[in-house]
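Structures for review follow.
Below, chain A partners chain B and then partners chain C, in two separate complexes.
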Partner chain A sequence: MILFLDIFTTVATLFVVTAGLMMIFGVMKIVNFAHGALLTIGGYTSYVVTQLKLDPWVSWPLALLSGAAIGMLVELSIVRPLYKRPLDAILATWGLSIVIGQLIVMTFGREVQFVDAPFSGTWPIFGVEYSAYRLMLLPAALAICLALTGLLNGTRFGVKTRAVIMNEDLARGIGINSGRIRFITFSLGTGLGSMAGALITPLSSVDPNMGLNWLVSAFMLVMVSGHSMASLLLTCLVFGTVQVLISTFLSPVLGGLAIAVLAALTLRIRPKGFGNG
Partner chain B sequence: MDNTSNTTPVEQVIQMSNAISHKSGLRYLAAIGVALLVVGPWIFDTYLLNILVKAFFMAMVAVTVDVLWGYAGYLTFGQSAFFGIGAYAAGLIFTHSGFSASNAIIAIGAAVVVSMIVAFVVGWLSFYRGASPFFATVISLVLPIVLVQLTLSGGSWTGSSSGLTGYETFDLTVEAWYRIAGAALGLVAIAAWFIVRSDGGRILSAIRDNESRCAYLGINTLTVKTILLVVTAGIASFAGFGYGAFSGVVAPELGGFVLGTELIIWVALGGRGTLWGPLIGAILINVVTAYLGSSMPFAWQLILGASFVLVIVLLPQGLVPVLLKPFGLGQYVHRIPHLAVRETAPVSDLEKTTPAILMEGVAKHYGYLKVLEGIDLKANRGELVGLIGPNGAGKTTLMRCMSDGLDRSAGNVSICGNDIQLLPPDRCVKFGLGRKFQNANIFESLTVAECLRIAGTTRVTPSLLKQDKHLTLPQYALDVVNTTGLSQKLGAVARDLSHGEQQALELAMVLAQEPRLVLLDEPTAGLTKTERTQIGNILSSLAHKYQLCCLLVEHDLDFVEEIATRIVVLHQGRIVMEGSFREVVNSELVKTIYSGASHAPMETV
Partner chain C sequence: MKKFNPFTKKLALTAACGLALQVYAAEPIKIGVAVGLSGANSTVAPAVVQSSQLAVDEINAAGGILGRKVQLDIVDDASGAVGAQKAFDTLVFQKKVDAVISMETSAARNAALPIISRGKVPYIYTSFYEGRSCNQYMYVNAWVPEQQVAPVVDYFSKAKNAKNFFLVGNDYAFGRGMLDFTKKYIESKGGKVVGEEYLPIDGSDWTSIVSKIRSVKPDALISATAGGAPNVSLAKQLKGSGLGIPYGNLAIDEGTAKTMGDVATGMYLSASYLGNIDTVENNKFKAAMAAKFGGELKTPNELSVPQYEAVYLYKAAVEKAGTTDSAKVIPALGVVSFNGPRGVVQMNKSRHTPLSMRLGEVQADGTIKILETFTKVDPGNQCPNLK
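For the complex of A and B:
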């Protein structure tokens, strides 16, 4: 039973961490390598909230806002000139993550810090006691998935965004301001990244490199899953399950590698990933 | 399809930086390098020498990253992994078997062989038909991560996270190491310099510019890239061995993802695609990092990160070329070869009687959408077949099905009697196919002469060390070059040519490979009246004088009338009519297809 809960909460964590990266890659075909740094920013937002003795719930919206604000600046200054050079955009955002990382180290030091969770303890479920916070990630992941799917499929912004995804030149031709769509998408993606950082920190701890560990897994999941949030959820489900099973029954080291290696093999065999069916 | 007309800024900049490679200036640089190598031990203190030795080994890897990324266009984060393998080969063997001359040789051998095997696997994973360069980069990210995890889980054998230290190694002074490492770096850099500038080495830049054109010139780009990766992995690993043997310490970070990204940073700041830029960049950054690392570690990393971002966004050609430009490192002298006629391979009697192209029951579906159905088509040597039909009739799709084995959904295609099965374009080309695309599909950053030479790769194997003074072309390709005036522009960079010249260049490139079957997709689109007449004369001589089989998609019916021996009409994915120009033009069927009404004129572009 614990195994099932482990699997589902791991999948939820993976999804939460990956959604922001997916948002940006799906619309802009740009991989935001600063995503790891944004997770770290989210983590430190929680830390600041804890230090100021504010209500821990505040950290989620605060992380979302600070991530989005940074995203706006970054989109305007760094990402916009690189739309036509996607490989260079990877590099520039990686450079940015170095800058963010160093600024964090200079401000907060290199030490590992801990934050307060909005709630703690365990809940009884299916006859076992399980970490309440981990369980809470399940509805959080579902809510994010539904909200984003709703945004992309049910709103005017979503229609325009999908038009930009399919054919940017045509979209511009019929009067869609694709620059603004990209701007909003990028800020939303960075906001989600930062919020994910705040969401996952109570499970571990905060340090300047916390985001880096997630970056590659998130990156591989996005590559495999293609465009839609639903396929991302499915990809997280498949690879998350495999990761937990390997970690539990073989070795945690192999489990840590499972996502990266399996995703690479999947891409070799099915270059389009799970996206097209 | 390839979109060669849109050059992104980064490509232009890479092209520029290639052009900034020059002669006298570089000789001075090389002389300074040799001088430093000789006098270094007397003027530098031990601390600096130590740093420089390590920097030299790192710079060797940076050079390999530049060859892969700056020249061949493969952005890789994985070269650090091979460096790590080399370092650990030294650390593991010297720790567990002790140091001896024979163990050192075994360690070097193991470093190089293991890296090459790993590189081969990575190449297989990264380079396959239809893979985007993006995926190759993704795979290069996974490699160092996997390697570091394996090292961490190696327990006391690999020393886990603290690595291995205190093993016995070569008993050499730091001065000796300085000269050995410096000389090795010099050799690697010089070898790389000769190779990337050789006729054969230009293929790497051609792959970066336009991989699909390379494939349609019969070059197996996947094999080329895999071999390149294997060779550079061997060199990176050798450098790693040197590092491990010199420093007496190996740690998982040496093979890690972060070092992989640092290598990219050094190359980007130094100037990708120049070799000497990354070399200087890697050494300088390593030295400065060592000095500032203790006093202001975070600020220095911050400056490095920020300048990296700035360089990528604003100055993709890197800092060193810009800084050194005032010192005469700016003029690029393209060597212009002499043109000469190359005898074409003789045609056997069997080849004379085999149809150049034979299609039976070829179909192409996209899901339920049928683009082509039941296509039977045969064309012989000396024929010039005009393929006409309204937009969307499937003309270009038909050409795709002839030139890539994976493109059709059903049916058989043979080129000069060879069944193409599911073979890739480069194999179809070897059967005698030559394909001219609708948009000029050339190598934008290469000169006209280089484009033509690469086009003839399957006929004349280019040297990997030298630039040939002569450029041989078959007579008909030479005719194209001479009549269109390209012979006067052999040293011009292809991007700077006019639209008509680019089209002519592509035609000459297709012909340079001595095809038996030439596919031409709207060769006259956008050309002037004069250019159109020139191309027309050339095409009819190809078929009638040189007995090639030409298949021409064309909207301009007047043009087709003048040169075609036969017309094939395609409509809604089927061949609806075949015959002479007069028969086709006068048929009611064709008038109906083109206009929906019997009296309307036919479509022209």
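For the complex of A and C:
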């Protein structure tokens, strides 16, 4: 039973961390390498909330907003001028992550910071006591998935975004302002990345490098999944399950390799990954 | 172009004076400090730098070593092997330091030793570690497992009736070395090790290990992770899962325990230095640190205080040898002693030093209550092949 809970909560964590990266990759076809830095920003937002003695729950919306604000600045100043050069944009986001990391060190110092968690303790579920916070990530991940799917499939904005995803030039041809779509989705993606950082804070330590560990896994997951939230969820489910199984039954060191190796194998066998193209 | 105009003359005169002054002023003694300003040790590095600075400032104020000023050269080793290689190349071959005194991860130390041997520079390693690292240029003034593990295991066996132990660590020299020794010690005392799990050195997802601990139900847990982030994430995830067994952390320091807030409450540790050691030397040391750094002070801890003592040990060795020449300083380092915040330190037992170890328990307010003190614990025969 604990194994199932481990698997599902790990899948939920992976999804939460990767959703923001997915939004940006799907629409703009660039991998935002500053995603790790955004996770760290989310963690430090929680730290600021603790320092200001506010309710820890405030950290989630606050992280979303600060991530989005940073995303807007970045899109206008760094990503938009490099619109025609996606490979250069990727490099620019990597440079951005280094800058953000150092800004955090200059502002907060290098040490691990202490952050209040919204709640702690365990809940009894199916006869075992399990970490309450980990369990809470399950509905959080589902809520994010549903919200994003609803946004993409049920709103005008979603229709326009899907048009841009499918064929940007054609979308602009029929009058969709693709620049504005890119702006909004980038900001949404960075906001989600930052919120994910705030969400995982009670499980990891808040220090300037906290986001880096997740970046590689998130990158692999995004490469393999298609362009929809549902396919991302499926990818997280499969890869997360394998990772937890290997960690539990073989060794955690091999478990850490699982996602990278699986990604390589999957793309070799099926270059479209888990998506529909 | 006018030759020898008044300006050029003045310039030449100033340059000549400068050169003359160089000849008269003595060369400073350079101590290289390689420390993890980035990477796993970045959380404790600032305290290490402060300790080093205080020692050097105090020594310079008292006239330096053999009348020469002491200069610190601080370099980042990124807490790992690659960074250490660059850092030591810089210190030994570029800056040509007279000695290296550093607190580093075992991975960094192991990468640095070949460079130390090539450069023939005295090296005082000031971090606690897994033991048995030997090099003809190296001395160690921090604890080894023979000194640190026994208090924790003995306390758990006696006071907590623990028979089954679970061991958790990071997969590198320190984690493996510490837990190897811990396992042997536990088994030699009649206990049993029911589980042993490792994560890579920068891993922070302990989920499957926590679940394994829960399913095995040991009487006590002992961990040897890398300092900083892995310590914190493991403690958070253990607490989050509701595990209530006694938990001994072989790699925690007071500063990190404080930042963990209530997550660290109840953790047991064994250390050669704790902030509330009540001796004249420690009180003097703490006052000097507070006076020098004020609001910027990083709490002195197990990883930073040996650095302070090591600088003084080096001073004593150079004064005894009468020179900074490695061939004379190295034997002197094995003889001199210094009475510092941790008590008397003398690296005369196989390049290591006997230490007083304190068994402590983290309290709810972040302070550490000293449960027992073990004096002059012997490090054992760490380097049987070295003089």
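Operating definition for what follows: the second predicted complex is superposed on the first by the 276 of 277 C-alpha atoms of A that agree within 3 Å, B and C clash if a C-alpha of one lies under 4 Å from a C-alpha of the other, contacts with A are read in each partner's own complex, and residues count from 1 in each chain.
To be clear about the criterion, a residue touches a chain if its C-beta (ideal position, glycine included) is under 8 Å from a C-beta of that chain, and two chains touch if they have at least 3 such contacts.
This is a predicted model, so every value here is computed, not measured.
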| item | value |
| --- | --- |
| Fit or clash between chain C and chain B when superposed on chain A | clash |
| First, second, both or neither for A:M220, with chain B first and chain C second | first |
| First, second, both or neither for A:V99, with chain B first and chain C second | first |
| Touching partner for A:S251 - first (chain B), second (chain C), both, neither | both |
| First (chain B), second (chain C), both or neither touched by A:L91 | first |
| Chain B versus chain C as contact partner of A:S205, first or second or both or neither | second |
| Chain B versus chain C as contact partner of A:W60, first or second or both or neither | neither |
| Which of chain B and chain C A:F186 touches, first, second, both or neither | neither |
| Superposed model, chain C segment overlapping chain B, candidates 111-119, 183-191 or 309-317 | 111-119 |
| Footprint overlap on chain A, comparing chain B with chain C | 251, 253, 256 |
| Residues of chain C defined as touching chain A within the complex | 37-39, 42-43, 45-46, 171, 197-200, 202-209, 211-212, 214-215, 228-229, 231-233, 236-237, 239-242, 255-256, 259-261, 298 |
| Residues of chain A defined as touching chain B within the complex | 78, 81-82, 84-88, 90-92, 94-99, 101-103, 105-106, 216, 219-220, 223, 251, 253, 256-257, 260-261, 263-265, 267-268, 271 |
| In the complex with chain C, residue positions of chain A that touch it | 2-3, 6, 9-10, 109-114, 120-122, 129-134, 202-205, 207-210, 213, 244, 247-248, 251-253, 255-256 |
| Footprint of chain A on chain B - complex, ascending | 8-10, 75, 125, 128, 130-135, 137-139, 141-142, 145-146, 149-150, 152-153, 257, 261, 264-265, 268, 298-299, 301-302, 304-306, 308-309, 312-313, 316 |
